[in-house]
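Following are the structures in question.
Below, chain A partners chain B and then partners chain C, in two separate complexes.
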Partner chain A sequence: MSGDARGVSIAEPFVFATAQYESGDWDSAPLVPANVIDSIARYTNLPVRPQGVIVPLASDAALQYPLLYLTGHLPVRFTAAERQVLTRYLDRGGLLFVDDHNHDVDGAFHKTIREEIRRVAGPLVPLANTHELYRCFFTFENGPPTTSHEMNGWGDNLVHEQLDAIVRAGRIRVLYSNKDYSSEWSFHPDNKRFLSVDNTKFAVNLVVYALTR
Partner chain B sequence: MTSLAWAGRRRFELFCRLGAIVLLGIAALTVWSHGRAGRTASRSSVFTIATPDSLRALRDLVVRNETRAQDTLVMPLRVIPSAPVRAALGTLHQSGIAGTVTWQDATGARGAALTVELEGRPQGGVQLRLAQPDSTDLVVLRDAGGILDSIDAFGSLHGRVRQWQLASAGEGLAVRLSGAILSAPLSRTRNDTVHRVLVIASPGWESKFVMAALEERGWRVESRLAVTPKAAVMVGTSTAPDVTRHAAVVVLDSMNVPTALAAYVRRGGGVVFSGDGVRSPLARELMTVAGDTRVPAVPGALLTATPLDGLERWQFGARDAIPLLRTAGRPTVLAVRIGTGRAIVSGYRNTWQWRMMGTDQGQADHADWWDALVQAALPIAASPINAADPAPGDAAPYADQVAQLGAPQPEQGPSGELQRPHTVSASAVGWPLSIRWLPWLVGLAFGALLVEWASRRLRGEP
Partner chain C sequence: MTSRPSVGFVARQLRHIARIRHGLMAVASGMAVGVIASLMHTMGWLAAPESIWRVGAAAIVAASVFAWLRIRAIGATPLVAALWIEEQSPGAPDFSLVTWVEEGCPSEGALARAAHARLAATDVMAAIRQLTYQQCASPLVFLIGALLLWWRAESASVSDAASTTPRAMPVVVEPADRKNVLHPWDIEVVPPSYAMRRAERLGDASSVRALAGSRLVVSGAAPSGDTLPLTATVRAIRSDSGQAVALPVDRDGDRWLVRTTVQGIPLAMVFANDTVRRQLVIEGVADTVPRVTLQAPIRDSVFRTANGTVPLAAAITDDIGLANALFEVVITSGEGERFTVRTVAVGTQRWSMPALTRRATVRASLDLATLGLQPGDVLHVRAMARDHHPDRDRDLGRSETRAFRIARPSEYDSVAVEPAPPPAVDTSLISQRMLLLLTQKLDRRQRAMPRPEVIRESQRLARDQARLRLAVGDVVFQRLSGESSAEHAHSAGDGHDHGVELQGGKLTLKSEGAGLLDEGNDAPVIAINQPLLEAYNAMWDAGRALEQGDPHAAIPPMQRALEAIERSRAASRLYLRGRPPQVIVDIAKVRLTGRDTGSTASRSARGALPAPAAARDRRLMTWLTGSLAPAAFRDSLALLRIEALGDAPAFASALGSAIDALAAGRDLTPSLVRARRALGVVQGVVPSQWTRGVPRQ
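Then we have the complex of A and B:
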């Protein structure tokens, strides 16, 4: 943050942070951060840092980033340190966005990460499609936007109508998706010009929600 | 002329001569008694004032010029005089006409004061403060529903203020202390019902966690967080400062501060400028303070007992504001009254780091910090005394008496260091003639002598 001589200041830039955990493949969607950052800059006036960061979940450094993105294909088993940090992170008001890169409710990532989340923060429950998350910037009348992977019948061959979440004090602490946004948003930002509808708009809602609620 | 007539003439002359001698003797006694009275008063005098009518006696004492500038008038007061008498005594004390006017406290007053205020925080509650100079008695706090608390009074905590915070209390809140019952009316303010806080900020971690902290402490937060020039996230329904709706306004951003905020404060609203909000032109205009220099955070301090050191902060010069918190000798939180409202300036930036990156207590401390800042901005009545005050000092006569004449003199015992003063009552009978009669006495004496001399010379005698 910096201030100038006129007393006008510029807010701290938003930093997109990806959680790095010991087990599994935390870096399975390396293009997502750049794409989300591009969308934030493209659609909003929010100050955003051009590069994302990768932060170890077992490190207190994770507490510097109140929005964390976590994805993967493989089974997840948090270490004791990761559980400890994640517990503190969620208790203090951080928001963890978890996306199942397998798009498979019978997949290893889905089964293991939900169990880990349950152990740390409690059970996930369906989030109503009328939640303000779907209206805080762009409006998604039908809840979370459907991904091409759902439509193509990959993974579990299901179109998931809702996201799951853990809500405390009226605020989402954990947001869980089986819709495979990690694949949907995993392309170079320049290729958005080939899309009739930008499929990363929901990411903007996620960041705006995290910054305002 | 017959011998009989001459004899009568001689007796008349003798009478004049003797009369002149008597008059001169009386004059001498008057002078002597006046000097004696002056010497007595110069030691020390006790003058008893029990009723307002005694003021007349005191006036007579002064008018008779029986006191001098070096005298000390000590008055044991059984009751606190009325406002006019206190004012007169104060004037007398200040003028020095009657010497030093002091008093001894024989009123039996406890010298205690009780204030009762409703808390401004959303959870409500009542705060009581009892000031008592000296007591080792039991203090019993009660309301119409019965006893609420009982504790030992101050004991060794001489002159301290005892404070209670109650979640609730009914009517008739009172303190019983040594048989005396002190009660004070609740000072109700608009904040009894207004628990909304308007947050003026840009979207970011600071605004997010400040709103969360305030909501955790029961405040209802409203805000408009602009994401683009045309789109904003609305929290609550109102975004314009309104004294009838918002208990306080929190400004976290130096930009986009509405001009209506100045009028809001002057009409009785409370505003908190925090972080970069202190750099807003409005903060500079309202409080004549602005963040002058930025002090970097101390690495790792968020995890210590002084977590505020772990926050970057703007540093101020004190100027006309009241420092509420100093760090390294420089004010970091300031307060100032503006019109009927209040403004608080806190230089700490990114306080959300205290919550996220501090100790396990950091979250609660962060919420308490923001709750305290907002409460400090609430324009609660400064004085809870609701009594009518037709004359100056009537709301607190004892304090007014002390203000007029100073603290009461200690009672003088046999072993005391001070000598017991000589007692001169206002109604005491002494030499009946004042020194003012001296010219008349001398004049009459010389007149008598003149008549005697003239009579003798007219008779042809030398």
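Then we have the complex of A and C:
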């Protein structure tokens, strides 16, 4: 929050930030930001900027955003600057959401990004499906919602029951998904009207959790 | 008495005294732990521990202390006993007895005579009695004190438990001058027979919580004479306009009796005579219907054909006891305006009465083939359960319903396109990894095998390797030229230009534009064929070695081929796409709010309380600020709690805590604050770094 000249408190809008890293294909899900922004506008009163930003992970600019979205298909190797900024980002209370666009347990992205996360923030552990992340806005009784890619046998042909996370002091620092939300949410938001159930609701929980916990 | 047995006797006595002292100290320590636990419970620092846990903890502590003392104890040896006797003897010690024992107790000589004289001069038994008293007195006092405290704490704990059971009010302690026909009374609750519960005597309680249908008997000492100067009425608490119903007051010898039946609504019984009026609050708890949760199947579904078995499972709980449960399957057939419905019961289970079952899981399987289903039929499956309540018209416990539909053949010709699964792998080919493993196995065994057999096995592997090489070649050529065969008479200058040349059975990339693939006007894609070409050529080498019956020489090129295929797999994961659209979400449009004015929502004062809540708040505040007697205040709170049970459970719960606090002599403030917050639907703020919430007090 910040104050304007009249002393009236005006909320700074939430900005959805996609992390850009040197290796791999960081921009593999270009429609996810717009879709998440649309859902936040649709279901919440949060002030939200209508367009997301792409922020280099090696830049201090990343520290301005409470939630960073990182995805890709290809092997990920952070540079020293990226590791350093990411460490500071997480220490300052930011939340990094990593989604494996391959939906693979043994894929190149999966193995390399988990290794990089372990170097930066420690090992990922399964997040209980009763965690408040699944209840902080919409309620997901069974934990993370299943994606159509899981149901249709793509990727590793598994339905992942849980997400992985690094939690410190009761707060999620890094959230890691094998469920390929990047594919699930990468469609033009105008097409949301064709869905009987909006599959981006979990993204609202993610943003609300990042902003309020 | 000889000196040797006497010294041994004293040593044994000293050991006995030490054991007794240690035992007393250990028992006293255990009792002290039990007393401390009881005191902590009394102070509210510890939840009420069961007596068996208190006794167990005390026993463990006692055993530990005893073991510790025994380990630390110095053994009373004959030498120690001799020294102790020397200390007890009159006059200064000359250590003749100690020396005599230390020397091994010779029977003759001056030393033996001196030792005997020393022993004879000492009154050993008197000294032992005095030592026993000294060593055991203080632990015994400690033990007696601990015993008294334990007994006192247990008595307090028992009376506390009795006063809070069942729920609601403690026993009312009335002043002696108020003793009359209504003080004290005795309450007996007889639950309905189907509940299989024992009758309870609650003593002189002011509030009763009982199962609806229970028989309630209030009795008291009746004065002599023919008439009873007592009236009893009962009315529903929540009904303002409800009339009080007079209850008959009977006499049974020297006692008066009033009987009523507990209903599912709160009741207030009022007893009065000429001088005293007393109230009994009855909180009737209705028997709830069983709660049924369908565990399987977990979701609705569409079956392509009407065969197979569907497992069914449901979890059922009840507050009293389950009588029976089943799965109900409703089958709807037909279309348009002609439908037929039939119901099938599956997996019926019954529970007999003598043993009440409060929790159960029922399972069954639904064989679709036996139901005679047709395409388009819909099955609705749910679980149902009934308890032992005698009213047969009572509602059943029902689970949610799952629906299954048998698909019509025509619906698969519609636009409902199922996503295609990933393409199946050509499973007739042995993988390069498998070929490598087989070759390595043959290499290890070949020394023990006859040479012709080695050659035969090796050539068989060579044929598999050749087939795999051809498949790899097909991939290379499909990517480069769309042709499916890698080995169709390629040679230098033959007019074909696939970017590769066949030289001596191997493929080589041409120098210009080698392995590049153009896609329209976009930039050329990096050569994805180089690893496959490497694999192809390595397979060629491996195949040749295998043809010659040399599996050992075939292993390195096979490993190279496998590595190249892995590299190719990684390199092939390229995602080709155009420029993504720049989407800017129109927030105002999404929120249906028109154009954003830049203003944010402002905070506003909370609205007034609803009338019923405001009335309750006024009553509560009147009592708090007034000068009600504690008993009247407690009864008023109890009435208000019962009133609120139905429509304001959080408020009622907070009042229940306040009543408990009042009975225990604790501070009522937190409970009453919670009650008022519950009335006003005030949500507490959870402090966090991001919300900047105000920390809770």
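Things worth noting here:
Heads up, the rule we're going with is that the second predicted complex is superposed on the first by the 204 of 213 C-alpha atoms of A that agree within 3 Å, B and C clash if a C-alpha of one lies under 4 Å from a C-alpha of the other, contacts with A are read in each partner's own complex, and residues count from 1 in each chain.
To be clear about the criterion, contacts are C-beta pairs under 8 Å (C-beta built on N, C-alpha and C of every residue); 3 or more make two chains touch, one makes a residue touch a chain.
Note that the structure is predicted; figures quoted are calculated from it, not measured.
By the touch criterion stated above, A:L31 is placed in contact with chain C alone, chain B being left untouched. In the superposed model, A:N45 lies in contact with both chain B and chain C. In the superposition on chain A, A:A108 contacts chain C only, with no contact to chain B.
Legend: residue contacts after superposition of the two complexes on their common chain; A:P56 is shown touching neither chain B nor chain C.
By the touch criterion stated above, A:L211 is placed in contact with chain B and with chain C alike.
Of the two partner chains, chain C is the only one touched by A:H73; chain B is not. Within the superposed three-chain model, A:H188 lies in touch with chain C and out of touch with chain B [touch as defined at top]. Contacts of chain A with chain B, set against its contacts with chain C after fitting on chain A, overlap at residues 9, 11, 45, 66, 93, 171, 211-213.
Those residues of chain A whose C-beta lies close enough to touch chain C in the complex are 9-11, 25, 27-28, 30-31, 33-34, 37-38, 41-42, 45, 47-48, 50-51, 66, 73-74, 93, 102, 108, 148, 152-154, 171, 188-189, 211-213. For chain B in complex with chain A, the residues that touch the partner chain are 202-209, 212, 215-216, 225-229, 231, 233, 235, 253-255, 276, 279-281, 284, 290-291, 294, 349-350, 352-353, 355-357, 360, 362-363.
The part of chain A that touches chain B in the complex is made up of residues 1, 3, 7-9, 11-12, 14, 43-46, 60, 63-64, 66, 88-89, 91-94, 136-137, 169-171, 208, 210-213.
Taken together, the chain C residues at the contact with chain A in this complex read 419, 421-422, 570, 573, 575, 580-587, 590-591, 598, 600-601, 688-691.
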